[in-house]
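These notes open a run of structures that come right after.
Shared between the two complexes below is chain A, which has chain B as its partner in the first and chain C in the second.
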Partner chain A sequence: MIALAWRNLWRQGRRSLISLIAVAIVVLFAVLMYSMAGALTNGMYADLTKEVGNAQIHTADYRNARNFSDGLLDNATEIRDTVASTAPDAVVVGSLQVPGLLAGEDRSRGLAVQGQDWPELLREDFVTDYLAEGTFVEGDNISGIMLGQSLATALEVGLGDDVYVYAPGTEGYGAAAYTVEGILDFEDPRREINAAYLSLAAAQELAAPDALSRLELHYPDINTVKEDALIVPDIAALQNALGESTEVEVWRDLSPGLATMLNFLAPMMVIMSLIFFVLAGLLVLNTVYLSTLERIREFGVIISLGAKGRRIMGMVTLESLMMCLTGAAIGLAIGLGLIALGSNGFTMPGYAVEMMAEVGLPTVMYLSIEPWQILLAVGFAVLTAFFAALGPARMAANIEPAEAMRYTA
Partner chain B sequence: MKSALLTLTLLFTLGFASAQEDATSVIDRIIDNMRGESQIATLEMTVIRPDDEDTYTMRIYSEGEEKGLTRVIAPPRDAGQAFLNDGDNVFIYNPRLKRVLRLPPSGQSDSFLGSDISYDDLAGDDLRDNFEASILEESEESITLELIPNPDAPTPYGKVHLTAEKPSYAPTTIIYFDQRDTAVKENILSEYAEVEGRYIPQRFEVKDLLEEGNMTVVEWQDADFGVEIPEACFSQNALEREGVCE
Partner chain C sequence: MSLFEVKNLKKTYQIGDVKTDALRGVDLTINEGEFTAIAGPSGSGKSTLLHLMGGLDKPTSGEVHLNDKRIDQLSKAEGAAVRLDKLGYVFQAYNLIPVLTALENAAFVLELQGVNKKEREARALESLRALGMEKFRDRRPNQLSGGQQQRVAVARAFAAEPDIILADEPTANLDSKSGGDLIEMMKRLNEEKGVTFVFSTHDPRLLEHVKRTVNMEDGRMVATGMPEAVLA
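What follows is the complex of A and B.
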């Protein structure tokens, strides 16, 4: 039966080949889209969590704090101890954001100056990725500042120049002068124009001795959205241990827009691939229908020899299925090969990479695909085969042998 | 028929023009009422928070609508800080930095010394220049204006309601609304001093209507109106050197 179906398939070889290639291309597109969605999701997740942590600890209702002091964690040491015992795998980063006025000799800009401590892991990445000139401002340096390149340009300052931070209404000195020691180059221009980094000690001296705006929890071994589920028990235990005066938020709370977008990304790709399969299905339908029409007499003979309608339907459907599965196998083989190549990371060519960075997309993407996504693509190909064969198969099954003998294509 | 239509049109046009002029002249009277030609005063500003209270003593020097210099004289931690309003510009002097910083326009709606007052509020002429006034309510005792910001006005507010007593036109309440029509800030003015026919408030209570318990009270300790203030007082040099204005 299979050999017969295969032979029938190639009676009009060119037509079948076109349909088979169409299915192969659609399966190839489908697996590449699924893997690209995975790469984007994991890339954006990795970029976001690298910058803000997998979770953050704030004072309760910190988003509505209208005064600088209302948003401060005054018991930071105690919280650090609780984190160390409850979430031992997390690398903890203390951060203090000081709203104020940053001024050069003649120009000034209102922004939030950030002070934070830098565990070795984050420090190395930060220096490699962003430090364009000068030196990194270490933890014990209370006189240096690092500025985004465009911020330095806006303030008309460079390495070695002094800048002045004025932060009235805070609990520290409220004003201080710093020397520009590092220039930072960020891909995101909005981040670069607002980037002013002090050491945590300097920021605390300026605005809030011993206090923090937030504690970030970075999990170095958690790199994908799927793995992120592993930290959920830690977060629940931490919130329980810290009580209601503090708020533990995961990256989905910190960036709800991105979380929603990522939730929609995979379903969107599935819907898009479904549309492609429908289009390929029309081509397959055409091939199977024409092939059935051309063999009306043949089917009449088979039926007159005693074949049941179900068997005729099976023959037509099997031909369609073999065509689609062969196409799917070819598309899958090429697609998985490309995914294997892209799994080590790739960058879009030319200006595309800059555009991606500007809109917050990851510049290096790592292709990956889940087994269920491969099954989904194959499943769509099988469904395409069935639906494309349905009409022609029923037509062939209902042929009257006497009429079939009179039929001329 | 034609002449009747023309008369009606004229009446309507004149009616609108008259109402517009009224609201504009009322806002002029209210603002002029609050401002003397010149003023030297000492005032105390108390920033009240649910769990904290900070008091600042300041010396202010103002000349008309355009120029004003405010110097913090207590507490010692903040003493020496000075703020110069010169037209649309705000300059800040901090003795720790020993420098004058120019506040960018984007920062002028920021909080002044952590209080509920913004740098824009210090300038004070914002309501007349940046808003279109219309009469919302009027009675024998008071008048309330609704002020809608001009399209290009640099203000975070969606509208402002300003109530003044009659016949003095001394303002009693200013309520600020955000763009969603929610009242966000209320300024209650009281304890008026009558100076040459003008009524000048000697106490401001600025309440944050979104955060219960947040309030800033400004009280005049002493004030001299119509005094001569040297032109040099309203310069960046005067920010750094005390004594130029006295």
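What follows is the complex of A and C.
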């Protein structure tokens, strides 16, 4: 019956080929969409967690703090010790954000100057990815500052020039002068125009001695949303250990909009692919229906010879299934090949990179696909085959043999 | 022994407002081993009788019995099972499956019966051999002449070892030689293997060879017996 089904497919070779190619294209499109969704999801996750950490520790209710002091962590040293014992795999970054006015000779801008310490691993990536000119400001350097390139342009300053920071602190308002020692180039223009980095020591000296706004927890080995689930127990344990005076937030809490978008991304891709499968299914239905109509007499003969209705339905369904599975195999082979090529990372053409960075999309994407997504694409192809064959199969099974003998296509 | 029994069989077709009585009450008994022709002009009801005997259609009234079992009121599935196991068909237009080879066509009913591949190929080949077609086993129908195709069709019916083979005008589309050859082979199957044949035909060549003729006219059986007596 398999041989019969395969040969019947090619009786009208061109028609079957068109339907098969349609299924192949839809499967190819589906797996590429799923992999792009995965690339976007994991890329955005990676970019976000690289910038703000996989989790952050703040003082409780910090978002509603009325003044600068209320938003600071009181017992940063103890918290660091708790993190070290509860979440030993995390790389901890202390950060102090000081809202204020940053001024050059003639121009100024309101923003939050960021002071933070730099563990070696994170420092290397930051320097490689973002430091365009000058030197990296860190550690005991309390006179240097790094500015985003567009911020430096806006303030009309360059390397070696002085800038002045006016900011509130825990002991009143403060001001300090810093020398521009590093220029940073971010792909995200919004980040670049607001980027002003001091060493943690410099920021604490400016606004709040020994204080921190937050502790960032970075897990360098966690690079995807799926892997992120592995740190959930750590975070829960940490929150329990720290108590109610401190708030531990994961990346979903820090960027709820992004989290919501990512939650919808994969289901949206599935729904879109389903729509395309329905369209391909209409083409398959047409092919199977016409093929059945052309063979009414033959089905009448087969029923006359003793085939039951279920057998006839099976024959028609098998043909549809073989057509869709062959198309799916071709689409899958091409799709997986392209995904393998894209798994090493690719960037979009020049103008698109800026546009993507502006809207928070990753500029380098690494295609990947999960086994369940491959099964989903194949499963959709199988469902397409079954539903496309349903009507024609029933029609063939219900043929009256005596009438079918008189039928001329 | 009575193989087939038909009692007061009637069939009326309705097309729109027009009613056509294709059969007007036919009684017929077919015994095992018969080589019987149902003869008559076009429109006499030969094919209709054959279709009703074979369960391809339902009578308006009357009964059809095969091996003492009534088969005219079976469900579709039950009817299919009877056709599969008990009956063989040969059609006027051969009706081979075009994408299958001669061997595969001959084995088709065996495949429907669930016979395993090795056995069905062996039996199909034996059947083709009996019809002189084993050399053409790998050819598709479009590579065979009309006579050859019809022999494959007979092989298909014969391979499944049915109780009876019903043949609807088997020689109608064949030339004299092919038709004659086919008749000879079917007769040999009847005599050597004991296969029961019932034909519908108006081919005088076929009528020369049958043991019994049933003459139909206007949906009624008007005579039955030895051909020379019936056709006289």
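By our rule, the second predicted complex is superposed on the first by the 404 of 409 C-alpha atoms of A that agree within 3 Å, B and C clash if a C-alpha of one lies under 4 Å from a C-alpha of the other, contacts with A are read in each partner's own complex, and residues count from 1 in each chain.
The rule is short, and it goes like this: contacts are C-beta pairs under 8 Å (C-beta built on N, C-alpha and C of every residue); 3 or more make two chains touch, one makes a residue touch a chain.
This is a predicted model, so every value here is computed, not measured.
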item	value
Superposed partners chain B and chain C on chain A - clash or fit	fit
Partner chain in contact with A:T384 - chain B first, chain C second, else both or neither	neither
Touching partner for A:A103 - first (chain B), second (chain C), both, neither	first
Touching partner for A:N42 - first (chain B), second (chain C), both, neither	neither
First, second, both or neither for A:M1, with chain B first and chain C second	second
First (chain B), second (chain C), both or neither touched by A:S150	neither
Geometry of the superposed three-chain model: angle at chain A (Cα centres of chain B and chain C, steps of 10 degrees)	140
Touching partner for A:Q116 - first (chain B), second (chain C), both, neither	neither
First, second, both or neither for A:T170, with chain B first and chain C second	first
First, second, both or neither for A:N194, with chain B first and chain C second	neither
Minimal inter-chain CA distance - chain C and chain B, angstrom	74
Chain B and chain C footprints on chain A, overlapping residues	none
Partner chain B, residues of chain A touching it in the complex	64, 66-69, 99, 101, 103, 106-110, 164, 166, 168-170, 173-177
Touch list for chain A against partner chain C, complex	1, 3-4, 7-8, 11, 297-298, 301-309, 311, 400-402, 405
Contacting residues of chain C [partner chain A, same complex]	51, 54, 56-57, 76-77, 80-85, 87, 89, 91, 95, 97-100, 104, 108-109, 111-113, 156
Complex contacts: residues of chain B adjacent to chain A	47, 49, 52, 78, 81, 92, 94, 96-97, 99, 101-104, 106-107, 110-115, 208, 210-211, 214
